[in-house]
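Okay, got some structures for you below.
In the two assemblies presented below, chain A is common to both, partnered first by chain B and then by chain C.
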Partner chain A sequence: MKRRLLLAGFVAALAAKAPPLHAADLVVGPHAPYATIAQALTAARRGDRVVITAGLYREATLVVRTPHITIEGRDWPVLDGESLRTVLIIAADSVTVRGLVLEHTGVSNLDDRAGIRAEDVRGCIIEHNRLRDNLFGIYIQRSADCIVRDNEVEAHGASQTTSGNGIHMWYSPGTRVERNRVSGQRDGIYFEFSPGGVTTDNVSEHSQRYGLHFMFSDSCRYERNVFRDNTSGVAVMYSRGVVISHNRFERAWGSGAYGLLLKEILGAEIRGNTFSHNSIGLYLEGAVRMKVSDNDFVQNGWAAKVLANADENQFTGNRFSGNAFDVGTNSRTATSTFDGNWWDAYRGYDLNRDGIGDVPFHPVRLFALIVEKHPAALVLLRSPLVAVLDAAERVLPVLTPEALVDHHPQMRPRP
Partner chain B sequence: MKIVLLVLEAGLRDLTRNRWIVAYGLCFLLLAEGLFWFGGTGPQVALSLLNIVLMIVPLVALVFGTIHMYASREFVELLLAQPVPRPQLFAGLFLGLALPLSGAFAVGAGIPFAWHAGAGTGGGALLALFTAGIALSVAFSAIATWIALSTEDRLKGVGLSLGVWLASTIVYDGLVLAAAAAFADYPLEKPLLGLMLANPVDLARMLVLTQLDVSALMGYTGALFERTFGTGLGTSIAVATLAAWCAVPLALAARRFQRRDF
Partner chain C sequence: MAACSAAGPVPIRMNEDACDFCRMTISDSRFGGEAVTATGRRHTFDSIECLVSWSRTASAKDTRALYVIDTQHPGSFVAADSAGFLKAGFMKSPMGRGLVAFASPQRAEEQRAMLGGTVMTWRELLADTTQTTAPGAP
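And then the complex of A and B:
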């Protein structure tokens, strides 16, 4: 008996690994074999494909329980939640969903309704869908190694409290989020307790709160994404080993808005990004041992704010241009280092013509320190007095805050 | 009216003859064009130009204005010997100073912006910059006229002008900064805004900044300034106060001219 059980288990395991024997297409539509999606999902076997033809489908929340099936829309069928419910739940492994329009989940304070929700599964693929006017767009929960790509997620939530996140990962390690466009959600892309994710080539804009928000998600990579016009910019917290490279952080304007806010982050790499037109480009609070290299800081209020509790961060090869303040800090002593950056405010010379300025550059101007200490002094921004202070700093280096120095300022910006 | 125009014409001829005013206009032209030349975008050029406007316009208006008024003294005495109404004579005299000064600034700085079609500067920002420059020209011309009419001694008059310039561009802001540091424990934002209204140079700066350099002003403190000066009402208040800064010294100078025994 025991042996037979073992054998059955072995066969079941083999079946799980084995490729599907034959795949059938189950076509759903008004004149198709299956009138409702729910019928087709019940009938679908492993490896089958459920093809939904164009039309408007109003059905109770659809739950996919068969593993290894593909749900594919033909000519953009519309699945409507009628402002009442979650539209589609993936509850089986290796399910692919593509080509659907999912809309109108409605707002609920009791459950996190979503256009597509994946629950406790592995390896789902959600691609080329359009999600419109949902509380949450795509919600991946306790699932591993899912791929979310080429989706368009759009909402017009009136406020933070009545809108959810565009692409939401919760306890879901190894998720890949690629080439999606998200706009008007609360947080465009959200990771919590989801390590090892890769987020590339997305555009996240006009969020009610953050374009990208992640917490407690170690070893994630964020590359070539564009975050713009988000109410509070981008915030990442409590994570280690994160790589953020070649993204654009644009137009985060306001008193609590940051191009990129890093809080309690350990050893991240911030490389090749562009920060432009933000109130504060890069904000480091309790961020330790960050490598900030080859970024462009253009036309921000403060290009970078490095608080006293942000230790041993290295800024190299960055370009600072047209910022009202290059670097702000709340301390005269700091352990972060600046080396080999290009500063448009640098007025030094280069006698031996090695491309490196002979005079060190102090990116924290006296006025920046004063403003940090007495915020009201900001009324004097661009006053002739400040120009005089700057000139005095050059003549009398004693005035200059010693905290942060670039000993090798570049004479030319990197091409 | 005819007399105003006559005196104005005489003043203009006098000014163009000594070429100062042309050099002054050319200076703005070269500066603005030079900033474009060195790869500045419109907003960057406008910002750099703002710094120059805040320093140079009051300086030139004050010093040049005082000297010009002292120089026209004999001309005024000659005309006063004729049956000429004083208010008209004063109007011609003042316009003969203020018009060329603001004109030279507007034309000099305006040509490069027109040539580059604004180069990405917002219409509001340009309007604010030129309003600020012209208002500063007029206000400090009026102050210069008042100083020249109130002080008999030329050296003293010019010295006083320099003093006013230093006080309004640098010393005043220094005191504001000291106040901000000294009373740091109090909510200072609103009193400081009030102090900004009391100085035409600061007023002009805030007017332009809220249109131009908003990124830095969007922070916690800046937002208040932005909201105060950046809104329609705030901008109206700023412009009205700036107008008062032109009108009040002008009225004082006119009264002085009316009563003065030449």
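And then the complex of A and C:
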């Protein structure tokens, strides 16, 4: 009996402390108790839910100041910025926003307008929203441990010169970005000074610049995302301890376009990705101690470019097929290593039938070195002269970088 | 390329030209700069941060002229020597150090009076080694 009393007391104490779930629903709409969203937000208490019914809402920038509330759209209400302003600002902890259409922030050179902006908060959840024609879609600023998932972010089609990013993190550690679709923004997903983020299962395409971009953001994970048809591909810079696995980097064509550009990165794992139809699949500049394994490089101009200042990178178990050049470099003294990869350009044999070619493979073609110095020479790519050069270099590899040799080329692509 | 053009800066093509220091494609016309070498070769930069960092490298030794974008007139250049610079953490410059350029130190000072931050000249920027493009918070 005594024990039961104690338990009851404990439960009562818990109930008093924890925020009540859905203490009240504050319904907004033309025929609802609240005519405007702003009125409902002012009235909402901790734990309440503001339910916005279908309709078109044109209100001054909405600011959520009550923690632990949920703002939920029913049948896709439209919140319109009228090309004048940021639509919704989250300024309290643990706020959830879902089911809204947020559109037309308009463009400004002075402030980074966004469909939804989280400012100096913890634990916000932004999910199942549609963001259309905004300068920035979702902007997470100086906030920690927020979740951005299942949103659709689509840029305005007209003005190409002034566009912000789709999902933007600025000084926001621990953000999770999951299952969003972003299209047509400047950078689809951008982490700046935001360590410890997890970015999975997103599709980011048709960006005016990068599908994914991060700088100064250590210890982040990027998995199972698709980045395609982005003008400049994907760029990853000035970060440490990054894991990039099972993503697709597709169709970044043009000068200055890269499937994945790595610049000043220390110790990343790049595993199980597919790089296909890019001018340059993987570009390493000042990238040190990368583990590049089990990736597919398919039909790129250059599968990988490893610059002189990219040191101690290990390429193992990758599959290279249909690339104009497998590996390019601007140095004869590279310290990166290639071992146990499969190369469709390999012409060697396997007499002891152990699955490993008996003669080493030199992935850097002599012609690739020439093109590196004299880009105009590229017009000779299919010429017989170059074929002769390649054959001579295979027999007697004297000019290609001696370190860049695969001593265990696979006879068959490893599954 | 614009290598054969006469003296003076050539407009940066947004979402086409890349930064010759950080390799990023340039996409924000409020920031950036340009260097013209003695041979007329043009180098473009996405940010004041990168122009400063590049100016300290060996590649910059035969530079003839340096220009920066006047942030109040996106896309238009002023000579780096006559510009005024404002360093303010809230300015979201491409390399994150919050560096922007104005047509003159007076213009930069006007903005500082309203917004805060620190006004600097090009010489002071070059001398200040904390300005480099490197990881870590500003």
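Quick note on the criterion: the second predicted complex is superposed on the first by the 386 of 415 C-alpha atoms of A that agree within 3 Å, B and C clash if a C-alpha of one lies under 4 Å from a C-alpha of the other, contacts with A are read in each partner's own complex, and residues count from 1 in each chain.
In this section, a contact is a pair of C-beta atoms (placed from the backbone, for glycine too) under 8 Å apart; a residue touches a chain by one contact, two chains touch by 3 or more.
These figures come from a predicted structure and were not determined experimentally.
Of the two partner chains placed by superposition, A:202 touches none, neither chain B nor chain C. In the superposed model, A:66 lies in contact with neither chain B nor chain C. By the touch criterion stated above, A:237 is placed in contact with chain C alone, chain B being left untouched. Shared-chain residue A:302: touches chain B; no touch with chain C. In the superposed model, A:313 makes contact with neither chain B nor chain C.
When the two complexes are overlaid on their common chain A, residue A:112 makes contact with chain C while staying clear of chain B. On chain A, the surface touched by chain B in one complex and the surface touched by chain C in the other have no residue in common.
In the complex of the two chains, the chain C residues touching chain A come out as 14-18, 22-25, 27, 29-30, 74, 92, 95-96, 133-137.
Considering their complex, residues 44, 47, 50-51, 54-55, 169-170, 173-174, 176-177, 180-181, 184, 188-189, 192-193, 195-196, 201-202, 205-206, 209, 213-223, 225 of chain B touch chain A.
Contact residues on chain A toward chain C in their complex (touch as defined above): 109, 112, 160-162, 170-171, 186-187, 192-193, 208-210, 215-216, 218, 231-232, 235, 237-240, 256, 261, 263-264, 285.
Residues 253-255, 257, 277-280, 299-302, 322, 324-325, 370, 373-388 of chain A are the ones touching chain B in the complex.
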